[in-house]
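Next come two complexes, and both contain chain A; in the first it sits with chain B, in the second with chain C.
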Partner chain A sequence: MSREITISVFKFDPRDKASKPEFVDYKMQEDPGMSLFIALNKIRETLDDDLSFDFVCRAGICGSCAMIVNGKPTLACKTLTSQFKDGHIKLMPMPSFELIKDLSVNTGKWMDGMSKRVESWIHSSKEMDYTKLEDKVEPDVAQEVFELDRCIECGICVAGCGTKAVNENFVGAVGLNRVARFQIDPNDERTDADFYELVGDDDGIFGCMSLMGCEDNCPKDLPLQNRIAYMRNKLIQVGKQK
Partner chain B sequence: MANDVKNSDLIELITKTTPQRKKSRWPAKLDDLQSLTGLILVIFLMFHLIFDSLIIFGNDAMYKITKLMELDFIIEGGSGVPVTIMGVTVLVIIAIHAALGIRKMPTSYRKYKAINTLSKTMNHLDSRLWILQVITGFVLFFTVTVHTYMMLSNPTDIGPYASADRFFSENMWIFYIVLLVAVVLHAFIGLYRVSIKRGWFGLSNTTNSKTRTFDKKVSVAKRNNLKKIRNYLIAFYLIIGLVSIAVYTYKGYEHRDNVGERYNPSSAHLKNI
Partner chain C sequence: MKINYCDTLVVGGGLAGLRAAIVARQRGLNVKVISLVPVKRSHSAAAQGGMQASLGNSNKAEGDNEDVHFIDTVKGSDWGCDQRVARMFAQTAPKAIRQLAHWGVPWSRVKEGDKTAVIDTKKVTITETKEAHGLINSRDFGGTKKWRTCYTADGTGHSMLYGVANKALGEDVDIEDRKELISLIVENGICYGGVVRDLISGELSAYVAKGTLIATGGYGRLYRVTTNAVICDGSAHATVMEAGGTLGNMEAVQFHPTPIVPSGILLTEGCRGDGGVLRDADGYRFMPDYEPEKKDLASRDVVSRRMLEHIAKGKGVDSPYGKHLWLDISILGREHVEKNLRDIQDIAMSFNGIDPADENGKGWMPVRPAQHYSMGGIRTKETGELTTLKGAYSCGESACWDLHGFNRLGGNSVGEAIVSGMIVGEYLADYCENSDINISTASIESHIKKQKDYLQSILDRPKGESAHELKKEMQDVMDAKVGVFRNGPHLEEAVRELEDILKRSNNISVEGSKSLTSANPGLDSAYRVHKMIKVALTVAKGALDRTESRGAHTREDFPKRDDEKWLKRTITSWANENDTLPTVSYEDLDVNTMEIPPSYRGYGKKGLIIDHPDTWERKEVVSRIKEQLIADGSDRYAIQDALMPYELPSNYKERNRRLGDSGDE
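Here is the complex of A and B:
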């Protein structure tokens, strides 16, 4: 027999002057294998057609559905309602990002700014000749690059970051992970001193206070602590140069 | 006068870069220095608290280490000067560490509210421990400064009777409990954090040897080990510290009618330690 669950959802439309931020409770019967994606759609179809939330892939790949579920930033599509034994689920949009409405936040705008800030593209002086094979990369190095490329930019590391909570301009683990990704990529000609120019300050690598909200919540299990420590040690060495 | 200020500083004021249009190297140096000063202070504290706790093994054990610190094997009868030099050095390192630590503190209502609410709602221990570090760091601004100044200004007032009098007759036992709890928590949570920050104790390698890729399980296991070590160190130093405070206070109570008297062991007795 299915149980009744209560989903408490943050509701607020910042563009509507009459709107006041509040948590609204929705009660429903839980279906077998129900994910939060299904539950939220059910709410919108049967209880509140005004509810806003983001989903695209429903498979933990696109990162659109990141939100705060019972206090923890996570992907709603990968979260089953059955995980919450008392049947109470509280949903909030991720802090640190511009709120669009209810559970929907503008991570895209933030990620775009971050990408430009860390110059998140291969910097090479070579003219690309598409008729020839690319230069070979050692399999182990390629594997490392691919590993860091698994980031889906969901924003969970930013939402769970204590440093970001106290420093609005902090580049976030996603940004530092990106720097580490290009630092190990042999196709990128940038030196550590070049990367220092991008994140060598208290809003960048030296701002990270190692609170681990990033790695502990990352839905893709990325080696964030390890790569941030790696970049920190590299850029501290740059700091010793003139 | 503006003329006294270097042009490079004026350029940085306007452009936030060096004249070569480069980012300042100072943030890197300061970050390194914060880790380094913290590490030195933790190591100092570990020895300090062990030496203090020798009182548990009797007056002579504590007396002997005190005299060793006063370099009595070089200077006849020992001298307060080495203790003062040590005190001044430690105070300077503490001042540098504190000045660097302030940079990270939440300095407005909005910032404090944000980190506090976030760490509570996530129920994330590492984030909550950081707030504890901020609080203990704040407590240490006052307590550790007073303690260090007391020691460096009266270096010969360290000994089985002199210290015991301070704990009981000068009512310092409350102060020392606050200092001990704050410094032990701050030091070992800090050591744990700097290890994560710099990838020490194996945290720089969390690769699965078979798959040759990052393995979250390896990372979690290594960090859990580090957490255990942190907790054991906190427990060990709190226990020996609190027992030492109790012993000093009790000895101070016993010695309450002879405040000011200095301990003077017989040389024959010392040989048996």
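Here is the complex of A and C:
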């Protein structure tokens, strides 16, 4: 037996002067196996074609669809409506990011800024000759780098972060994880002192209050607190020598 | 009106577009990339299994080289590909993968010593040498002679995309996301960029460039049941046709054997490559009965057809979403699943509540073939330039370059994206360095105005057709009548119905916001769906007219591959704005210049080929040249060059060194 569910969605267009923030309730019959991807598209197709939200892969891989579902930041595509026993689901856009419209926020712009700030690319002075055998990398090291490379920049760690809520400039667990990723990458020649220049302050590694909102909500189960602690330890050593 | 100028405009921020943009940037050009979504969210990220490159590092890859990769690719394509392009690709792929390693892609590496693998459901021990320890590893994939697919667990596309996108940031490539190309600016047969809509502010502006690259991915969303991301809607293909470009082999659509039911989310071929198997309602492993040699790892078109055949025999598993089969990876053991197929486990658990590592049938995942890849696309020359539009280029899945012919091998999609980005990027940069922008401001403004008027006319329309309803109808037609098995009567109906839907789409209206100056998802759908229907027509019409079966294109009424009549590429175009059907023409494939003349692929049904009259003669010529050169002591490079010479830009043609090569080879 299918039940009726109510999806209450935050609607607001900051570019439209007449628009006022409000919650709009949409009621629909729940389908078996229904995810929020299916439900929100059903709303757009049958009830409100002006509702803005972001999905791309709808498989938990691309990180586009993070939003606040009944108070928690999560990937909407992987959220099944059946997990809400009372049939009421409240959706809000993630805080800490620029609101585009309704549930759509500009994570792309923020993540670009973060990537540039931590210089999220390999720094290497080595001339590469790709006709020759590649440099060897210890299999376990490659695996460790991959573990941290799995971040999908969905923004959930930023939306769930208490530090970010009080410090606008905090680089977020995503930024600190990125630094940790390059710190262990054998292709990257940067030293801990170089990373200290990028994130060795209260907006970076020393700002984290260890409230765990990042790791608790990370959809990829990244070991964020562990990596932040690791980097903090490394950069304290640099700081002591200053 | 706002006009932005640059040297090179790249439309699409996936692997192909970004890689080409990096080439242009490194050559000193002023490059702009526009993308529908933040570039790291592009559909390239969803490629799970890996990228083929003939490094030959691991035990099961020993003896691999460009020649073997080339042959596998041509066979995979069912002789539909451009063999020179396949050579260009196979030669560049090892360089691409090594360069990506240098850019930080954490490829899985070979570990010295014994390891256990599952081959043919049996545990076997593979021993890796000390010399190979730390080099890039590879896994088995369908339709390949060697274990050639390099990977980062099952997150290969993600790692590659992040590696390339981060490199682009480091090179200071100018990337603007949430921007959509809605028309190309063409004057005197030359393309000078396009009109672009800002998906946040709604603003229309011109991006004027010397050279323009379209790298917008495939057209999978013409189907409802697809593994593709929602942005892979093919609307840019229509935009290209509207500007005078042509599309190639649009009927060549790949159906992947193992998307999970019912969501259609992909479960990588790596599941079977690593030793997983397909099972039926009785738990029976049926693929060896159909394909004794390649079994579960025949090419994707073959496995998909065999699965549907098996379901038709009554061996499918019943479910509320129709019949399906099972994919069993539990035989690989929990440790392997949780390390190398973790995203697969995550998908199965999140969407189906199944833990695929669970034993005794509990972990079997429901699978059924669904649309997966677009072999067809924007027709280009070997340089990536459109055959009919100067200054416009295309690469990656959006293009019909034509690497894949009528079936793409697993591991060749992200491979093509990167490699074609490297190659086409160089040719595009050459063009941009040697050309000027010769178009007046007034003309550019008239292009913007035309689009603005068009969008306004949609918004002004009183109650008309619903874009969502028309899209649904189109997808129903494509799923039901232009799917894995096709036939004349169904395709005729499909074309007729799609033509009707296209006519109705001229009357699409928008229910909600009438704003042209803010985000407007209703308007997005309205103009995209109209374009999608045009593209759907090129697929259906191409399929109807092609009265043979080749690769993924399977005609029940024409079961043979007919080289005599159909060794040619379908070309579709949109001759007049008000046409309701595409114009179809053909390009011949020349048997007499092929390095490998057409033959049986080594998998799939036998005895179903009608030979081209030139095939036997070409076979004789090829074997004569080979014998003579071998007798003369020529190496494989000289033989290749004698059979089918080809060019590559930059230093891509330099020989790829491998383990065991002497240093001065």
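Everything below uses one rule, namely that the second predicted complex is superposed on the first by the 242 of 242 C-alpha atoms of A that agree within 3 Å, B and C clash if a C-alpha of one lies under 4 Å from a C-alpha of the other, contacts with A are read in each partner's own complex, and residues count from 1 in each chain.
We adopt the following convention: a residue touches a chain if its C-beta (ideal position, glycine included) is under 8 Å from a C-beta of that chain, and two chains touch if they have at least 3 such contacts.
Every value quoted in this text rests on a predicted model; they were computed, and no experiment measured them.
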Could you tell me whether chain B and chain C fit or clash when both sit on chain A in the superposition?
fit
For A:Ser35 in the superposed arrangement: first (chain B), second (chain C), both or neither?
second
Please indicate which partner A:Gln143 is in contact with in the superposed arrangement: first for chain B, second for chain C, both, or neither.
both
If you count the residues of chain A that each partner touches, which comes out higher, chain B or chain C?
C
Could you say whether A:Ile100 touches chain B, chain C, both of them, or neither, answering first, second, both or neither?
second
Quick check for you: in the superposed arrangement, does A:Asp13 touch first (chain B), second (chain C), both or neither?
second
Taking the superposition on A as described, I'd like to know which of chain B and chain C A:Arg117 touches: first, second, both or neither.
neither
Included angle at chain A between vectors to chain C and chain B, based on C-alpha centres and rounded to the nearest 10 degrees:
160
If we overlay the two complexes on their shared chain A, which of chain B and chain C does A:Ile61 touch? Say first, second, both or neither.
second
Lowest inter-chain C-alpha distance for chain C and chain B in the superposed arrangement, angstrom
7
For chain A, which residues lie in the overlap of the chain B contacts and the chain C contacts?
143
Interfacial residue positions of chain B with respect to chain A in the complex
22-32, 103-104, 106, 111-112, 114-115, 118-124, 126-127, 130, 193-194, 196-199, 203-206, 212-214, 216, 219, 223
Applying the document's contact rule, which stretches of chain A touch chain C when the two form their complex?
13, 15-16, 32-33, 35, 44-46, 48-52, 54-64, 78, 80, 100-101, 104, 106-109, 111-112, 115-116, 119-122, 124, 126, 128, 130-139, 142-143, 145-146, 149-150, 152-153, 182, 185, 187-188
Touching residues of chain A toward chain B in the complex: what are they?
68, 71-73, 95, 140, 143-144, 147, 160, 162, 165-166, 196-197, 200-202, 206, 208-213, 215-217, 221-223, 225-226, 229-230, 232-233, 235-236, 238-242
Of chain C, residues touching chain A in the complex
37-43, 45-46, 55, 94-99, 101-104, 106-111, 133-137, 152-153, 155, 158-159, 162, 166-167, 169-170, 175, 177-178, 200-201, 229-231, 262-263, 265-266, 320, 343, 346-347, 350-352, 467-468, 472, 510-513, 515, 517-522, 525, 651, 654-659
